[in-house]
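Each in structure tokens, the structures are laid out below.
Look at the two complexes coming up: subunit A is in both, with subunit B in one and subunit C in the other.
Take a look at the complex of A and B:
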């Protein structure tokens, strides 16, 4: 590594939880007359969190930051407070820190109850950081649910006209899914305990998992997979996502698409693939099918959307479908690029949702048919939008290209080895559709004759905080696009060891 | 250490096992006199708070010290009695604290009201310490009769009269059934001492008399805990009674039924299980089915309620269904988790009832629609209510989640063996998902819907204090369950010998 962080910060992972939590409380307290300071408080606390997560990227040996303390030990159950970070989680932790900070910057002009708004974002950050760092199923589940409530309030307080419906739908879908996941977790923990104390730590469950029979692995994989995949989301259970995105405020959408959806794929890799390799083998065709379905259906649905933000929401479904097929390959490259795509899509979707948010905010509408020729009026906005769309459709030189390239590469490998070479056609169709809907949307909104269907008298181009946030993410998209090894370097070791354990069967 | 259980034994001598109750009985007797002489509600409350505090102090001294003792073969104080007495003391403390400023108690004879509250809790504690069928029965009756009067005391409201009549009739039926069952049990075993019954039964074959005794006792105590199909009275009574009384009934009085069930059934069956000639498994299935139906009916019917007290009543029924898992699983760990859930339930459900009572006092109605925009008018109270409801729904990291994890996992796993009750855990988890819906309705009304006014509300101080206590415990017990769970585990090991 070209630069190493010179010293070790004690309790770094705990700080990743404590700093945003403190920030949430402090920011929430800035009501009434102190409202104008809320954004500074949120900026400082999320900034510190981002810097802390950045330190991790420059730490050669991540295991120095492992923390483990006994927590609950009673009547045959043992839960511990264990935090770790490894090749799978480090990019997600960084992404969380980055996106929370940048969407705070982006929303700096929030006027409506800013203290509540920023406090909810910081509260969400606690849950997200917790999900990605906890190494105990009890803690993991708690953190998983902790992300839910701030998001619910985020949508239903600051959302669009149909926010109540969207918020409750989001809550019920994901909560029911997490209860199914909880059943799966119970099964894992008690199955792994095998007569001894039921230890909820990842380590103990992994150690006990050698005793799992095939039927057990199959069933439990199904439960856990369902729980995680609804969050991702998968196609028949995806309908909460477009609603939630359309109604959520911009910062909420950025976090929802950027890091919350990744909780689902993270869970599948971390729990399903790591602990239940035999179940993974059994479910592989179904995962491929679901992934392909999400990929194609999401892209296809994009074409029909009139709302720019809804289109981006469906494109998220399509891109998460790519993550699914990639990890379903169960190969080293497949897993590696699934994780890389999670990271890439986190960056790109942040740009896309910020752009959509600005369209709604500055132009006054996100309806594609009402727009046209905006590029002339808002050149900076148009540049960011084009950049985001190009990154998302996989323009070489940007981060999305490498992710999709790797995914198609590993999927090709899989389809050859499975003797179903025609499967690769779906990837190509999806790429074609993706390029199609993005270019078509761009053409209709940015170029052509300036629209006369809406009042353009008071539209304004990108404001400074918005430009800073967008510029930073775009720079990262380009940086990781030119130098993907910066991110892949972390994932490499993890992916090959996981693939090795999957091949052991 | 100067302060340990020797203080209690020095004061009470051979009556030491009854010390917490004796203090309360004295309090119950002097409270009407206090009211007559001062005519001040504050004075009555101060005295009853003091009495409860002394009783609490004695109990905690005895509990922490691991005191054990028995009196006349009828009462015995052990870890199980200690933790359950503590539960009833918490309930009575909260109820007595808020009653002073509740608008629903203003027209009552306040001395008598407090006296009845204390006496009812003495009855509950008798059940917790009882080691004999007779004392269990007496305790349940003492608690029940006082409760009938407490419900009927809200004379301004015709719903209270209806509720009281229903409560008396159903309660009488339940008493008759229980007594019939107890007499059959006496006929079979030839003794009324619970431990002796267990010993005597372990040498016998299964008889029909015993079966009838079990069925009638399940029905009798089923009424007390409001298990389906014996639950019809609960919503009417909780709705009709003054809210502090509803809180007392929903969190305290209901637990009496559970304590009695634990004492009678678990001791008998665990002791008799060794012989295997008994119908333990059949009884377990009966309880499992009742538990599944109770939680499902409670949750499903709660969805359609518009009155928040009725909704909380149905949610109480559902919670009773969860606790009945203990009776189906019948393991030590299940008992410990069930007792822990009873504890967290006191704070979650008690807290929710207290918020309702506080809002009635400041003139907000009982309809869920009356709660619209509450977050603007009383942000802290709305936050507390949301936390109680989320805890009831089992959202981590609140107390309700942790206790549900313990309770449901006890239905899955026992000492390294998967139990046959996994299906029950499934139903319970599905029910948790259903329950979220109606709790969310209230949260949505409070935080998201717009109210007609945004005028600030001033909650009476005693209510605020009681709600704050519940709030703290709901949060703390979720993260540090072992504060109470360890005591519950000790208590369960006492009952299981």
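Take a look at the complex of A and C:
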């Protein structure tokens, strides 16, 4: 790395949890007359969190920040408070810090109970940071559940007309999945303990995993995989996602697509692949099938959507399908680019959802058939939208292209070794479909004759806070696109050691 | 000395893009002068680099110079970024930067009235130039692909330049938006194939560097079927980008953009990227004669089909667009025929055949350079006409010669050149193309197919001369039309000066062949068994003159061209022959087929609509009704019919929490039971 952060900040990982937590409490207190300060409080706390996560990026040896304290330590059960960060989680931590801060900036003009709104976002950040840094299954599970609750309220308090339906659907779906996941976790922990002390730490489970039999690996992989994959989401357990996105406020959607979906794929890599290599081998064809299905199905569903935001939601399904096939290659390249795609998609989907949010509140509708010729009225909005769409369809020189290129290459590698070279055609078709729905959407919203189906008198272009947030993410998309090693450098070592442990390099 | 600074060639236009994009609003002409400076600078560096490359002895033996740095890696495979200069890249960057400079200067006059949109225009054309020049100097396939796609993006943006707030109304805006989308998607289809080819190459060779992939030893180690598949996929990308049959339909629609864009992107430079790529991949493609046969046939068919569609079109830009397609077909025919002979020569070890194949390579590249000049000239000329007549319909023009002398004469030079009138640029390269096709016809089992392509190409030459002069006579001669009355005289100097400069080049560039062009732009296999660009021996002035003027076929083509010009003159200038009698006033089947573009657009719309939107509708139905329907039905069954929603709307999450907790306990017990059953303890 060309620059190294000179100091070691004590308790950095704990601070990543404590700062947003404090921020949430403080911001919540900014009710009533103090409402106008809520955004500043949220901005400061999320800004500090982002800077802390940025420090991690410039730390050469991440292991100095490991923290470990016993929590529940009884004769039969040991749960600890362990936080670590490694090649898999560092990009996700950075992404969380970045997106929470930028969506706070983006929503600076929120007028409806801003203290609650920003407090929920910070609370969500606690959970997200917790999921990505915890190295103890119990803590991991708690943090996993912590992310759900603020998101639930975010949708049901600040959402659109069908917000209650969407919120409850989101909650039940992901909750049922996480219960299945919990069974898997119990199975793992007790299986690894082998009758001894049930230690919930990642390390202990990993050490005990050598004793897992094939059937056990197969079954438990199935449970955990289901739990994580619903979050990603996978077809056919995906219908919560479009509903949740359509109803969620913009900042909620940004976090939901940008970081929360990645919890699923993060979990699959962290738990399923790390601990259950044999199970992974067994489930590989099914994962590939699910991934390919999600890619094609999601892309086709996008073409038929009339709501811009719903289209983007389905495109998330399609792009997360890419993450799935990439992980399922079980190769070093595949895992590396799965993580890279998680990061890339996090940045790009943030732009996409912000743009959709703006369409909703500055034009007044997101319905594609009602729009048209908007580029003439809102040039800056159009530029951002085009940038986001182009990045998402994999324009070379932007971050999404390298992710897709690496993924399809590793998938090609897999399909050659599996003697099914034609599988690659599905990926290429999905690329084509992706270009199709984005360009068609742009043609119908931005270009062509100016719409006369809606009232355009109150239309206004991008406001300053929105432009700052979008501009920052777009700059990062271009930066990582020109210099993908900035992100790949973190992941490389982790991916190759994981692939080595999977027995496939 | 200069070669080390090759990276400046794409970088400076890139900087201009950034500068114009961010600060162009406050600059005069929306930053047009910055864009011109960028293009001019790139041209100057290109000249210096090319000069050094051609004169320095250090580069003449290997025939290339390359340097690269590591960019990042995909698994174990390193991806580099750098430059690769050989005579093909030199040719490409020289004519691309030179023509761009002229077109940017022309744009100052042409785009003068566009107001705030000028900033966007100059930013986008600068970015385009980055893509074009970057493509020419790239040192590996992936870098090339990045620039390839950047050009695609710029093409999309510039075709859609007027896709909103179009000066001539809403229909035109809709049309431009649709054309831009079509161009991007059709080329994307090709690009996706190209990407597939890159995966195969990267996997097979472990690198995408030109040097590694084109190494004969490395190629011999790779499964020939994979090489063939990769080459086919790469050629798929070429078909998309250079608008060859059957993906040729986007280019005529792309004329919805400003005429300068049509001249720059859709005639002189971007569509040549495909030709460049085939020429660049010659070592790969010549592994297989059948592949080269395929390239040649695609080229021949495109040349013929596109020319037919130009015969009765009334839109001046569309005629030129079809003729671009047709001329691109010629280039692929030449490359295919040359490559076919070369591939046969490599297989049989016949050096004579390899040398004969090299002529095809030279012919393709020479025609590429020639075409860049005369087609840029013709498009800019048509732009000048449209600018002052205010219409694109040739029926509303006529008699413009009196009002626009410079435009008229320069366009006449361009038309003579493209028609292959003896001693004009186009004549040399076209004769060379035809000669190669003829020559290839006498080798190999499938050689007769090239003879058939030669027949098509000769007929195409006849049609080319006819439609070009039809265009010229309809525009500049005959009775003044509606648009002519609006015409307010010759265009401004910034437009006519580039026309004059281009017309000189359009007339004379082809004569390079007489002065040893073929010594530099050729390919062959050197003593070490390596492919080398520019390794051949010049045929020299007398050699070519002999070859061309001793051949009876040359006189046949020239005679056909003269007859075609004569017919056009009788029909559209003297009007002594009525074309309406021949086509039954536009009702004959052929006429309708041509004006409907052989029904290609309808076919593509149907396919695209069914495979895209039709399937999507099905997926949407499954998603909403089947999957989500099941979910909702399940939830109502669990919580009680119809009450599920109303209950949840009270926000009574506590009940759910209780259920969830009970669930956790139950599941925990289940886990423990399962765990003991499976004998973990």
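Quick notes
We take it that the second predicted complex is superposed on the first by the 502 of 505 C-alpha atoms of A that agree within 3 Å, B and C clash if a C-alpha of one lies under 4 Å from a C-alpha of the other, contacts with A are read in each partner's own complex, and residues count from 1 in each chain.
One rule holds in what follows: a residue touches a chain if its C-beta (ideal position, glycine included) is under 8 Å from a C-beta of that chain, and two chains touch if they have at least 3 such contacts.
The structure displayed is predicted, hence computed values, not measured ones.
Contact with subunit B, but none with subunit C, is seen for A:146 once the two complexes are overlaid on the shared chain.
By the document's definition of touching, of the two partners only subunit B reaches A:77; subunit C does not. Of the two partner chains placed by superposition, only subunit C is touched by A:304; subunit B is not.
By the touch criterion defined above, A:182 lies against subunit B and subunit C together after alignment on the C-alpha atoms of chain A.
Looking at the shared chain after the overlay, A:412 reaches subunit C, while subunit B stays out of its contact range.
In the superposed model, A:156 makes contact with both subunit B and subunit C. Within the superposed three-chain model, A:138 lies in touch with subunit B and out of touch with subunit C [touch as defined at top]. When the two complexes are overlaid, the chain among subunit B and subunit C that reaches more residues of subunit A is C. In the superposition on chain A, A:194 contacts both subunit B and subunit C. In the superposed model, A:420 makes contact with neither subunit B nor subunit C.
The residues of subunit A shared by its contacts with subunit B and with subunit C are 156, 164, 168, 171-172, 175, 179, 182-183, 186-187, 190, 194-195. Residues of subunit C that touch subunit A in their complex: 71-76, 142, 145-146, 148-150, 153, 156, 160, 163-165, 170-171, 173-174, 176-178, 180-181, 184-185, 188-189, 192-193, 195-196, 199-200, 202-203, 612-613, 615-617, 619-620, 623, 627-628, 631, 635, 645, 648-649, 651, 653, 656, 660, 663-664, 667-668, 670-672, 674-675, 678, 680-681. Those residues of subunit B that touch subunit A in the complex are listed here as 332-333, 336-337, 390, 395-397, 401-402, 405-406, 408-409, 412-418, 425-426, 429-430, 432-433, 436-437, 440, 444, 447-448, 480-482, 485-486, 489, 492. On the side of subunit A, the complex with subunit B involves touching residues 72-77, 138, 141-142, 145-146, 148-149, 153, 156-157, 164, 167-168, 171-172, 175-176, 179, 182-183, 186-187, 190, 193-196, 198. Taken together, the subunit A residues at the contact with subunit C in this complex read 152, 156, 164-165, 168-169, 171-172, 175, 179-180, 182-183, 186-187, 190-191, 194-195, 213, 215-216, 219, 235-236, 239, 297, 300-305, 331-333, 336-337, 373-376, 390, 395-397, 401-402, 405-406, 408-410, 412-413, 416, 424-425, 428-429, 431-433, 435-436, 439-440, 442-443, 446-450, 483-485, 488, 492.
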